[in-house]
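Chain lettering (A, B and C) follows the sequence in which the chains are written, and residue indices restart at 1 in each chain.
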Amino acid sequence: MGGCVVSSFIFATARYESGDWDSAPLVPPNIIDTIARYTSIDVAPTGVVVPLGSPDLARYPLVFLTGHLPVRFTRDEREQLARFIERGGMLFVDDHNHDIDGAFHKTATEEIRRTVGPLTELPNDHPLYSTFFHFPDGPPNTGHELNGWGDNLLHKHLLAVQRAGRIAVLYSNKDYSSEWGYHPDNKRFLAVDNTRFAVNIVVYALTR
Amino acid sequence: MIWLSTAARRAAGEHRVASSATLADSLAAWTLDPGADSLHVALDEPPRAAERDWLAALRRAGAVVTWSSRGITPVALTVEALNDPTGGVRASLAAPVGARVVVSDSLGVLDTVVMAGPSASLNARSVLGAARASADGPGASAALRDSLARRGAVVLGRAGWEAKFVIAALEESGWKVSARLAVAPGIFVRQGGVELDTATTGVVVALDSTAARDARAIERFVRSGGGLVLAGDAARSAGFARLAAGSAGARVRSAAISFSDSTPRRALGFYQISARADDVVPLESRDGAMAVAARRVGAGRVVQSGYDETWRWRLQGGSDSPDAHRAWWSAMAGSAAYRAAHQLPIHAEMLDPAPLAATFAAMGAPVAPERATAVPAAQPALRGWMLLALLAMLLAEWASRRLRGIS
Amino acid sequence: MSAHARVTRTRAVLALTALLASLLRGAAVAALVFVLAGAIDWAVGLERSARVVVVPTALVVGALVTFVSLWRARRALKLGAVALWIEERTPVLRYSLVTALEPAAAGAALPDLERAVQRAHWGTPVARTALFVLGMPALLLLAALALRSLLPAGVVSRMETPRAGDALEHPRSAAVAGANRLTPLVATVTPPAYTRREAVTLEEPSSIAALASSGVRLEGRGSAEGITAALGGEALEVTGTAERWHVIFAMPARAAAVRLAHGRYSRMIVLEPRPDSAPMVTLASPARDTVFREARGRLELDARATDDMGLTALWLEYIVSSGEGESFTFRSGVAARRAARNARAATLESTLRIDSLGLRPGDVIHLRAVAVDGNTATGPDTGVSETRVLRVARAGEYDSLAVEGAPPPEADASALSQRMLIQLTEELERRRPRLARKAVVEESRRIGADQARLRKRVGDIIFARLGEAESGEESGATMPRPSMTPEELLRAADEATAGEGAHALDFEGDETPVVAVNRPLLEAYNAMWAAGRELETGEPGAALPHMRTALAAIMRAREAERLYLRGRPAEVVVDLAKVRLAGDIDSASASARTPRARLSRSAAGRVERLDAALIALRTDPAAAVDSLALLRVDALAEEPRLARELAAAVDSLRAGKDATTPLARARRAAAGAPVVRAHASEWGGAW
């Protein structure tokens, strides 16, 4: 968990006890690559894994959480996450199943509601969609939402828990974990970089 | 006997003495009685301002006015508003070491200060009416002389956790913040306009070297009265060399792994400040390394902080750390910020910020108490007894004559 | 009838008369005491605590009077005394009666004496005496009863059955036009039906604390005309009869104030809602996550739940996840369930047959206990236990050589922190010759405090794995004592991990996996204790060997960790220099940031309001008290300490007592204690 001692931004993935927290191991380096490509943000070259139930969660004010399996927070995880959000941290959750009837979505939304409050739809003209790149139609769709698995739906909105007008928990059913789960070197094969929305999320977290 | 009684009257006409308790009555009597030309006040508490002025007037009128004191504890007090949207007042005290000074306002006691040095300060959230500091007797009183019109803060830096949480701390404290955060070449996240003018802006917070592109404008702003907070490695920029309290040197590691409530910043690293000039005021040091320092530049003020990751304090500290982090940043910005003061109407006659010093100024140094030779208060009683004795002797004389014949 | 018989009969009559008279006296005195107390209550109003003792007091006094009276009349039981009494009132007897009662003294004259006695009659004096003796107390009793009937009915009922809320029955009332009908005021609070709690009555309340959604009825004397009520700005309907007015509302979910007004009179009551807590649920068995070799066997399930009001149901639910990679399927079910019938505590024990779930290798079961309470007012609250994750191992996982464990972040962080503590200690030891002893001890203790915190975290890791114990620093029996040897520690760990159920994976020899993993952490824990002791006594040099031992043990724990049997994710290190600003940002432009709001829970705002109320106390005390009460409502949720002090201050002010101390405490709670510095800095501000 080392990384740079004095670095502006270290991408952190939350490790929680109940499920496959590491189902998207290539998302962190891909996002790090994206941040470095488009911004001058001082970012660490590797990500870290931080236990959701550990006080170390507070070292990383933006934390990414994903998985396929049900999410059931332990008491420590709930306490640390509540404290983390209360103090200004931001959690980005992505349903790797992209299934609103699936166990991840149902359990994760329940745990989030229990811990910090209910998720509500984020309007598609929210500043998140213009923080760096512009997404006039809201969250960019992924190539996995209609792949026949999951709920096979296009999810028009992201969900969020807000605190004092700021996004504290950002929740996605759009399976960005699959969309961004490739080696960053493979970006060169893409006509349009499909990770640009990650820049918006990180810049939002760092500036709002 | 007649001579004695008249001698006592003669003595009483030349020199009069009063104590603190009888001073008010004595002043009127002295003023009305032209025979009083030598007045002495034996004080056991400082006189009120009106009484002191009266004594000074008598002195100027030609009377010899002296005073002595018995163990009066000198106390001086001044109050000023803190330049902080959350409000607050700072009371500065001067009193002898060991004195126990009770500080109060019109609503009651604020605190009791045992002086560990010749001066002390007390920051309170509110002080209503006149503040009072007393060790014995009425003590010193002072009131706010001006109120402050708030100006905004401008935060310059690169997008990052420190910028995010410094702006959050200032805004949550009530500062109106304009910001410019560098995200990519030519791309900034902005909030409001960066107006370096004391009409709208009170302080600039430069969090890193990205602020150096406005160094000249910032210098003009500071010299005209504005404030500047140089944080992190911002002081390393050449553009701030004339403003900074010192150079930002080597990074000092944190001295603790957790944030204690009493000394939270021990868990933070900082760029050590090496003072360049004699006018630098060290504000915070750790193990001999200066972490926060300040200096005046022209009409403005500069506070330099070597800490660059105070956001960790807010997120990783104890239960009070978000409030403490907020208060620290607000106080730091406020201590540098331009003070747009508006004078308040005060009733000067009710205030007495340094009563004993004012007594010295009005009446000169005190004399030794032995010099205060006085006709004792029993003087009228002595005259009465003497009169009685006279009458008794006259009666005896008459009786002896009358009764002589009888025997 | 012989003389003896006649005297005996007379004695019986006199004794009965004395008894009746004593009883009448006692009853009369008791009635008079009651009437006197009633008169006092009518005049000035007695507290309920005083009225409660009136009837018992009256009875006791009456009994005392009866007893004393009987005692004094005991002579009536003696034949000789009765005879003398008869002789006194029947002079014609000339002591023949007294003599006749003593045959030995009478001797041969007894027949003559008997004849003399037969000729005398004393019925009339006996009757007259009885009438007189009975008449006075009877008259007194009648008089007392008559006086009692003159007391107002309300006073009589307040004396006879004093109870909360009977202030309204007092005859001093608002019958007079223009009088304040807002006092006396009685509040009846009825908790929601599901709580099965009794209603509570409060007299003259300044605040009411009750469960949210409780029914509140405020009642006063007189008609409802001219009385208005508002709750948080919304008007409430005031209704009633000519004798009584009332207003009814539900306790809101958030603190609020009810304002009553009647002409120039007003009154405010603070409402403090108490939330109904959700049930507390624990899953005692299985006690921890487990991995099954094969999907068969029995799993004992034991869940417990408690609630402050009452539970309706408790069940065990599971989710089975099957699949791998990107394809998963899920099914859920209930393993066991029971109704709780409003019990405050419930247990559910069951056995789960693993093979009944149709599990395959790689399947994962998430199991937890859920309980629901009977809150029908704001909706049932649900409590859940910790979730147990039970996994069926895949075939290939048994080859431990093929598996790499993911590194445990806790040990990483602990190693990092322990290294730093060692560095700080080494630095202190180097500077020690130049420092005063006091400074060395102070710095050493600071490092010791950090070492203790780190030791606690290591302890938490150990005990989270050993069982459901809270931090080892706080729990009881399973906490290792600081002086345990490694063997004792391991024995304690073994005992703590003993249990039934499916075999867990990953153990060597006869060790359980938890012990194998935790052995080095336990050694680190012990070494940290020793280091902490040395640091506490200001001996950093002596602490260093222990600290290095702890670090080495933590590093070994890293290597031993095998809890995560999935493969270590491949680490990709981004070449930042290569990719920096290689992307196209021509289309990018950052949108403007919007400011954060000043914190709404503004302490400065409350200080201002408090100061304004304190100033107003001098000129308009009633308004100032209302302001303080409203401020208390605002502070209830976010600054409970300030709310408490304001409550004490408001109560004192309303009772006409000195409120200086609670107001000073309230001011300090709102504004915080002043910060005193031992010097006046030349810089000013916060320095």
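Keep this in mind: a residue touches a chain if its C-beta (ideal position, glycine included) is under 8 Å from a C-beta of that chain, and two chains touch if they have at least 3 such contacts.
Bear in mind the structure is a predicted one, so any value in this text is a computation, not a measurement.
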Top of the farthest list for chain A, CA-centroid basis, is B
Selected pair, greater C-beta contact count between A-C and A-B:
A-C
Pick the chain whose C-alpha centre of mass, unweighted, sits closest to the average of all protein C-alpha coordinates shown.
C
Distance in whole angstrom between the CA centres of chain B and chain C is 47
Where chain A and chain B are represented by their mean Cα positions, the distance between them in whole Å
53
Taking the mean of the CA coordinates per chain, how far is chain A from chain C in Å?
42
Going by the touch rule set out above, which residues of chain C reach two or more other chains?
581, 585, 588-591, 593-594, 596-597
Tell me, which residues of chain B touch at least two other chains?
168, 181, 183-185, 187, 189
Junction residues of chain A - those touching two or more other chains
38-40, 55, 131-132, 203, 207-208
Taking the touch rule as given, give the residues of chain B at its contact with chain C in the complex, in rising order.
80, 82-87, 90, 92-94, 103, 107-111, 113, 116-117, 119-126, 128, 167-168, 171-174, 176-177, 179, 181, 183-185, 187-191, 253-258, 260, 266, 281, 283-284, 294, 327-328, 331-332, 334-335
Show me the residue ranges of chain A that touch chain C in the complex, using the header's touch definition.
1-2, 15, 17-20, 22, 25-26, 29, 32-34, 36-40, 43, 45-46, 49-51, 54-56, 68-70, 72, 74-76, 96-97, 102-103, 107, 114, 127, 130-134, 149, 164-166, 178, 183-184, 193, 199, 203, 207-208
With touch defined as at the start, can you tell me which chain C residues reach chain A in the complex?
289, 319, 321, 323, 326-328, 330, 332, 364, 366, 368, 384, 386-387, 389, 406, 409-410, 412-413, 416, 457, 464, 566, 569-576, 579-583, 585, 587-591, 593-594, 596-597
State the interface residues of chain C toward chain B in the complex, per the touch definition above.
417, 420-421, 423-424, 446, 449-450, 453-454, 581, 585, 588-599, 603-604, 607-608, 611, 614-615, 660, 663-664, 667, 670-687
Residue numbers of chain A touching chain B in their complex, please.
5-6, 8-9, 38-42, 55, 58-59, 61, 84, 86-89, 131-132, 203, 205-208
